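Pasting the structures in now, so scroll down.
The two complexes that follow have chain A in common; it is paired with chain B in the first and with chain C in the second.
And now, the complex of A and B:
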């Protein structure tokens, strides 16, 4: 193994481990501010460090510090302390492990070596995801059972029944998808989606599998225990379900696990159905060939985006009541300065690339970075859909949940398999 | 048949509604509209930035109590104990003393209101024959760091001014 190999292994694993973790902060923020805006409220906007509130992101730090310094209680009635402590770890680790197989950029070619851009470069791809994500629910069941609490047990049971019901439509939706792609390897699936249908429509999963994508997204919502399928928590019915007895960092692990799971399932939906890291109409090879025009386009686009973003900040980040020497406008001035210096740094880096490093390896790395950006952007949008759905739809009743799973999604998934295979056999 | 029977139309039984998805998307467009309206210009939020921007209190609002004075500055209260007798939560404690200014025979030497006991029902104001106790200070947020400071004495009650003009208060049905 050369030094480059080792560096890339470290980089990929770091990406697989830290990106979901840092997205937890972003997602919690998005959830709270998003919820507020959906309901015409303001959301957390008071927490600040020296007057800087970063649009509410400081609230996350405050919450994290609070949870870290709270007393870590294991209730006296808990008989199996080992399982009680194991449960939140299991939930969190399985959620994090799922991300390991998701490709975040196309295969990176440096010289004569090929690096698969997954944290764990494996061929089994989607099977790994199905295997590991099923384990996540063990954490919830274990938490519910070891809490020795009626609400906890009810929450755990609900989660178990729900995951069993929804893994079947999910798996069946995947079967027809696998028939289309002809592989279980996620990187190959992503490469497949770079092609064009009839020469002008990007061949993304949702174009080829319009029914499958609906079934899969619904099942994915159920898998991550998010509204409208959050019966395992159901705070209005069973207090907080499986994590009713948990406090401080053990609760925080459940909480973070939920958001990591949400991020990972968004990433998977994007990978399977929304073109993964592919920029529509620009395959990896096209991007590498036309690296220079692409960079020039980015260099022109950056200041434009920066200008609109700065205007938006100036309009919104001010006090909406009379205040002498409004401190929020000063805060905005600092943000705008930071934004423009970031844009300037990026422009300089891109210029240096254009003048000196153009061609060969640099092009490949640039394209990989572009694709990582695209992938994270798409995943971010999908996470927004999660938040959006959560603050729009009420929770299903338990029998409705099972009815939808077994009586609607399952036959639809089977129908989807028949249609897909008929089309593949007759045209493919 | 004297009872009127009204048949309520059942909704949610058509095929499109049974599909859920159409209705779900309809609902989601509504919320997304709200989201973008607020994201693009957050001065349109339907909320008040509370500690800085206070709500407007009407004259009818039953806020913290006060004791009123005559125009010459003497205490209106004649220590008749009507409010204390009428108080459902027993939060008023009056001690009467002799009065020498010729307005009446008695005046309170002590007039305590325990705000932790008070339920802000306004019965004391209604019972008062002298219009001596009112709840028109406009103070709606009564907070403190200790139990002791939640008990208001005669001086505190006399010191607090009313938040509204006399005509406005009378019009408000006080």
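And now, the complex of A and C:
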């Protein structure tokens, strides 16, 4: 192994471990701001460091500190303390492990070496996801059972029954997708989606599997225990379900596990159905060939985006009544300065690239970075769909939930398999 | 080299899990140690470069079947006091060991008599999803279909048996 190999191994594992963790903060923030937006209220707007509120992001830091410094209680009536402590770890670790096989850029070619851009370069892809998601159920079952609390057991039962039932439509939706792509390897699936249908439509999964994408997204919502399928927690009925007895960082692990799971399933939906890291109409090879024009386009586009973003901040981040020396406008001025310096740094980096480093390896790395950016942007949008649905739809009743899973999604998924295979056999 | 250590680690965990399954009294402890056994077996399959079997072991056995068993243990909320008293179990265990010991001796003899051959590295793609699928659906199609009909019969039987109770 050369030094480059080791560096890339470290970089990929670091990406696989830290990106989901940083997205927890982003998603909690998005959830709060999203809730406030849908309910027509202000959202987190008090927490600040020296007057800087970062649009509510500081609230996350405050919450994190609060959770870390709370007393960590293991209730006296808990008999199986080992399982009680193991459960939140299982929920969190399985959620994080799922991300390990999701590709975040096309295979990176440096010289004569190929690097698969996944945290674990494994070719069983989607099977690994199904396996690890199955383990997530253990965490929920153990938490509900070892809490020795009626609400806890009810929540655990509901969550386990729901996750096990919705794995079936999810798996069946995947079967027809696998028939289309002809592989279980997620990197190969992503490469497949770089092609064009009829020469002008990007061959993304949702174009080829319009029914499958709906089934998969609904099942993915149920798998992550998010509203409208969150009756495992159901505050109004069973308090907090399986994590009712947990406090402090053990609760925080459940909480973070939920958001990591949401991020990972968004990433998976994007990978399977929305073209993964592919920029529509620009395959990896096109991008590498036309690296210089692309960079020049980015250099022109960046200040324009920066200008509109700065204007948007100035318009929105101010006091809504008259104040002497409005502190919020001062805050905005600092943000705008930061934004423009970021734009300037990026421009300088891109200029250095254009003048000194273009061609060969630098092009490949630039394209990989562009693709990582695209992948994260798409995943971010998909996470917004999660937030959007959560604050739009009410919770299902338990019988409705099981009915949707078994009587609607399961036959639909089977129908989808038959239609897909008929089309593949007759035209493929 | 590292594969040898991994093999010993997984083998040890598998045996310990199996021991835990029969020694622990509480059903939840037994089930969890069985999960450890199943996961270590998956690790052993992965060391033999059987990637598909590794994934299936994790999804079907360690994932689906065991989570259903845990679900049932939680659903029925079995406590130690619900379990039947079993005063003779050490006696049975000793009897079982006496009966099984000759077979174990035989196995050890067989494994000792195996010729010491070099470990061969399989060609690329051995045990992968595509390769196993190709084999299964070309050379072994008829056995595969017969096994799936057997599973279907079991499934229909389970539904019929469960349905009867609901009608009454």
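Criterion: the second predicted complex is superposed on the first by the 428 of 428 C-alpha atoms of A that agree within 3 Å, B and C clash if a C-alpha of one lies under 4 Å from a C-alpha of the other, contacts with A are read in each partner's own complex, and residues count from 1 in each chain.
Here is the rule we use: a contact is a pair of C-beta atoms (placed from the backbone, for glycine too) under 8 Å apart; a residue touches a chain by one contact, two chains touch by 3 or more.
Owing to the predicted nature of the structure, the values given are computational and were not obtained by experimental measurement.
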item: Superposition on chain A - do chain B and chain C clash or fit; value: fit
item: Angular separation of chain B and chain C about chain A, which is computed from CA centres of the superposed model and rounded to the nearest 10 °; value: 120
item: Contacts of A:282 with chain B and chain C, given as first, second, both or neither; value: neither
item: Chain B versus chain C as contact partner of A:15, first or second or both or neither; value: neither
item: First (chain B), second (chain C), both or neither touched by A:391; value: first
item: Which of chain B and chain C A:130 touches, first, second, both or neither; value: second
item: Which of chain B and chain C A:319 touches, first, second, both or neither; value: first
item: First (chain B), second (chain C), both or neither touched by A:335; value: neither
item: First (chain B), second (chain C), both or neither touched by A:214; value: first
item: First, second, both or neither for A:42, with chain B first and chain C second; value: first
item: Superposition-derived minimum Cα distance between chain C and chain B (Å); value: 27
item: Chain A-touching residues of chain B, taken from the complex the two chains share; value: 20-21, 24, 27-28, 30-32, 34-35, 38-43, 45-47, 49, 52-53
item: Interfacial residue positions of chain C with respect to chain A in the complex; value: 28, 32, 35, 51-52, 54-56, 58-59, 62-64, 66-68, 70-71, 73-75, 77, 128-130
item: For the chain A and chain C complex, residues of the former touching the latter; value: 80, 83, 123-124, 127-128, 130-135, 137-138, 141-142, 144-145, 153, 156-157, 160-161, 164, 167, 183-184
item: Chain A residues within the chain B interface of the complex; value: 34, 36-42, 214, 312, 315-316, 319-321, 323, 388-389, 391-393, 404
